[in-house]
């Protein structure tokens, strides 16, 4: 449960990495320092507020009434995110690596569309891409106590990825065959205009969504639909069974693995701060 | 499995707490005495009947026909609940603490709107708030054999609260991103008038509710909707897995923990009245 | 795993119980003799065919075309079921006990409506009650290998009945409070005509059925509906978790309990016919 | 974890089985040789592309525009599948056995309709049957790492087949009884035209699909529908519980059973290639 930074020894003597850049890095990238936390909370609010602004702007009534104000808000956030992006580039030692990383691209996409919308026609659609900045929340969510939980969920899903692939493969084949049968049975005169549309209907039915925009009209079609529904009802048990089985196992293993470095006592809770056996303080798990 | 009241020694000599108040407290607040139980059952019926009256009053046909009778019934219950509220204040030693407590406020809200509706216009809407008195049922449900079960469920949900928070966070980000994509793909001309509305549609679809008031019209929209549906179908496995895992663990631990004070035999059922090993009688678990 | 009939010794000498009545009892009530099995299969087909006839008769087109034939079929089955009922009364030693039992009443109701429909007006509605004869299938299903499985399911559901009661109580309170809130928010002008109707809508939404006949129109209503949907999505995890936990435990215990009488070897499959350790033959489990 | 082909010794000397036929058999039927893999991947693409062609052809706009091209594509695939079928017959030692096998018939049906559509009127409907060729994907999916997972899922479903039969039997009886009740309550004037249609509605509701094409109109009908929905909400827990319980058990047992032949170490992952204890190489599991 102890993770120590192995790079720290070298970093202090790096001539290219001025103290102010190091400080900046601490604030922006590290989640366990005082200012790092403050920055994270600030960023979280900025992202959420800017997303709300984007969403409100898409509502016609609000756009007509408060369009001007929303545009100002948008530019404030855009400039803030631009400055943040520059600060991130300055504070890391290898900017290239950051810029081409997943979060680097997302960071860029979260303010670029606003600038582009000035020069390009159809910029309206471009603006919508800004909601992608919501994905940045995941980076912040890494912090704090949610880390362990989300890691457990991720591992459980990862462990069951082959089972889930097999399951989805079977479901896809099933909806295609079922959709084709319904196209044969109902036909274009009852709204099942083509096989892809029938497959769409089969998915809507099997997943128990059931919009009702397309629904079987003939007796045979209704009988077939009943079978698909009952199948969907039973089939949902399979992914649930898979994931439950993995989560149960992962929970058990995690309890076993949370070992104290000092006395090797097992079974600590994920948010325990002290060993329950010897009282040794655990280091924060957040910086991984 | 034995819970003894630690305050009882002191209470008897309290000069402010007259015997009749103590008796009243026993009837109203304690669930394991004869009169306490009678009072609880009476209160449960009063709450349920008054709720049914409120619900019936909202049906236009019934209001026109039996409006007068329902108003009389309402006033009977209102006065009864008022008297009960006064009795509760009188019977407790620290009325302030009761009045500001969660159930104290709910008790107040369960009769106040009826009085206010005399003085205020728009009292009709106010009257509806009376259904909040239904929440009082939870206090009564604390009694009896359901206690252990509801505690187990509550603990299981509590233990999985971080996992569920992470899960809901991820679901929210997913529906916002998906809703935005659908707004781009379908647009206002197909009923996806704004991003918030599209997010609403994404929630309706992901949770497999599927009203059908808004449904994708374009081919790309239908393809995207299919992906959301299949995701929703798979994603539902996650909370199920989380809760199942916790309940299984909680059930196991409870069985282990139901220990007899006399002989330390483990694994008693929650509603066992005698130790299965030594025959010692268990004290009632209801007064916690 | 051995169940022996304790009554057999006495029965042979019972003067009131003539051999032909005993034989009849064997055929009708016992599932493990050759003729008993034949009778069960015959009865199962008679029930299913008569149900199909009742269902077809309700379809207008078919009633107009084949009404006469269906009426003949119905009378054949009615007379057959009447004869069977008389045979059952004759073959049991205490007819009173049989007639007042659950299945005795169902047996009576499965042919009585046809006779009553001759004398009574509105007999058409009466005729529909005949589908109740479908419940007789459960008696037959008791036989064979399904017995063990259905017993396991029944026990798992029984063991979780308090948890499920608590759960449904909480769900009911939730839908009433939510329905009331929606009635306040949307009001009669958007189709939420009364609180009971709003509660109905809340149930339709929470269970993710989502007909779409009533759907929120206002922004606040849609936001509130989103919360209910997400709640419903999460809440479904609870009964699943409860039942899964019980079934897992019941499966484990059953495996442990299938003990051979001869050598005490544990863990036999439910449909094992010989002990896997000593080879002793198990007696049939079907007659319980 | 080792499976060796027992026939290989004999096959080499079989005079009827010329070397080129043996080579052909290796390519077509065996998944673990270099060319066998190449062939599988090629076949998978051919099947998927031909299915997409069939689906596109059913869309009217596309058929009118690219009908000619799609017909050419179809004939290319048809001839390819015909050649493949002939090759399969030639390469096996007992063609009769292959032709009458499940996959033999599917292979035949995947190209026959195209030929028949020349001679027969109404061949359009016949053409749709070609989607049945999608089922051939299952044969290819047998290969690779998905094998173990799909086997585990299949075993879990197989182990719970009696429980699931009992469950579906109970669900069917429930929807018939409920559908009949709704037919009585709502009647043809509210869209519940016949018992079969009411049963269809009951299935749509119980499985939480909820199209909304038929929905209860009367108060009693809505109350009854609410009960069915809440039942459906609770009932879905049962198949989930059954399957989860089986998958959990199957996962545990599989881990226990993956034993190294060399050193008897247990608990290897399904896709492990070397023993984690002694480093012995496992033979490929794919050819079973």
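Residue numbering begins at 1 within each chain, and the chains themselves are lettered A, B, C and D in the order written.
Basically, a contact is a pair of C-beta atoms (placed from the backbone, for glycine too) under 8 Å apart; a residue touches a chain by one contact, two chains touch by 3 or more.
Heads up on the chains, UniProt names are A, B, C, D = Ion transporter.
What you see is a predicted model, and the numbers here were worked out from it, not measured in a lab.
*Asks:* Hey, what chains does subunit A (Ion transporter) share as contacts with subunit D (Ion transporter)?
*Replies:* B, C
*Asks:* Report the chain whose mean Cα position is at the greatest distance from that of subunit B (Ion transporter).
*Replies:* Relative to subunit B (Ion transporter), the chain with the farthest C-alpha centre is D.
*Asks:* What's the call on subunit C (Ion transporter) versus subunit D (Ion transporter), same or different interface residues, using the half cut on shared numbers?
*Replies:* At the contact between subunit C (Ion transporter) and subunit D (Ion transporter), which are copies of one sequence, the residues are largely different (under half shared).
*Asks:* Between A-B, A-C or B-D, which repeats the contact pattern of A-D in over half of its pairs?
*Replies:* Among A-B, A-C or B-D, the interface that shares over half of its contact pairs with A-D is A-B.
*Asks:* Hey, what angle do you get rotating subunit B (Ion transporter) onto subunit C (Ion transporter) on C-alpha, to the nearest 5 degrees?
*Replies:* Rotation angle, to the nearest 5: 90 degrees.
*Asks:* Between subunit C (Ion transporter) and subunit D (Ion transporter), what's the gap in Å when you average each chain's C-alpha atoms?
*Replies:* Here subunit C (Ion transporter) and subunit D (Ion transporter) have centroids separated by 31 Å.
*Asks:* Need the CA-centroid distance for the pair subunit B (Ion transporter) / subunit D (Ion transporter), whole Å please.
*Replies:* One centre to the other, that is 44 Å.
*Asks:* What are the residue numbers in subunit A (Ion transporter) that touch two or more other chains?
*Replies:* Within subunit A (Ion transporter), the residues that touch at least two other chains are 196, 208-212, 236, 240, 242, 244-245, 248.
*Asks:* Once you draw an edge for every pair of touching chains, what topology comes out, line, ring, star, complete or other?
*Replies:* Topology of the interface graph: complete, with all chain pairs in contact.
*Asks:* Inside the complex, what are the residues of subunit D (Ion transporter) that reach subunit A (Ion transporter)?
*Replies:* Of all residues in subunit D (Ion transporter), those touching subunit A (Ion transporter) are 51, 54-56, 58-60, 125, 128, 131-132, 134-135, 137-138, 141, 145-146, 148-150, 152-153, 156-157, 164, 168, 171, 196-197, 200, 203-204, 206-213, 236, 239-240, 242-248, 251.
*Asks:* Can you check the complex and tell me which residues of subunit C (Ion transporter) touch subunit A (Ion transporter)?
*Replies:* Touch list, subunit C (Ion transporter) to subunit A (Ion transporter): 208-212, 240, 244.
*Asks:* Which part of subunit D (Ion transporter) faces subunit C (Ion transporter) closely enough to touch in the complex?
*Replies:* Within the complex, subunit D (Ion transporter) touches subunit C (Ion transporter) at residues 162-163, 165-167, 169, 173, 176-177, 180, 183-184, 188, 193-197, 199, 205, 208-212, 215, 219, 222-223, 225-226, 229-230, 232-234, 236-238, 240-242, 244-245, 248-249.
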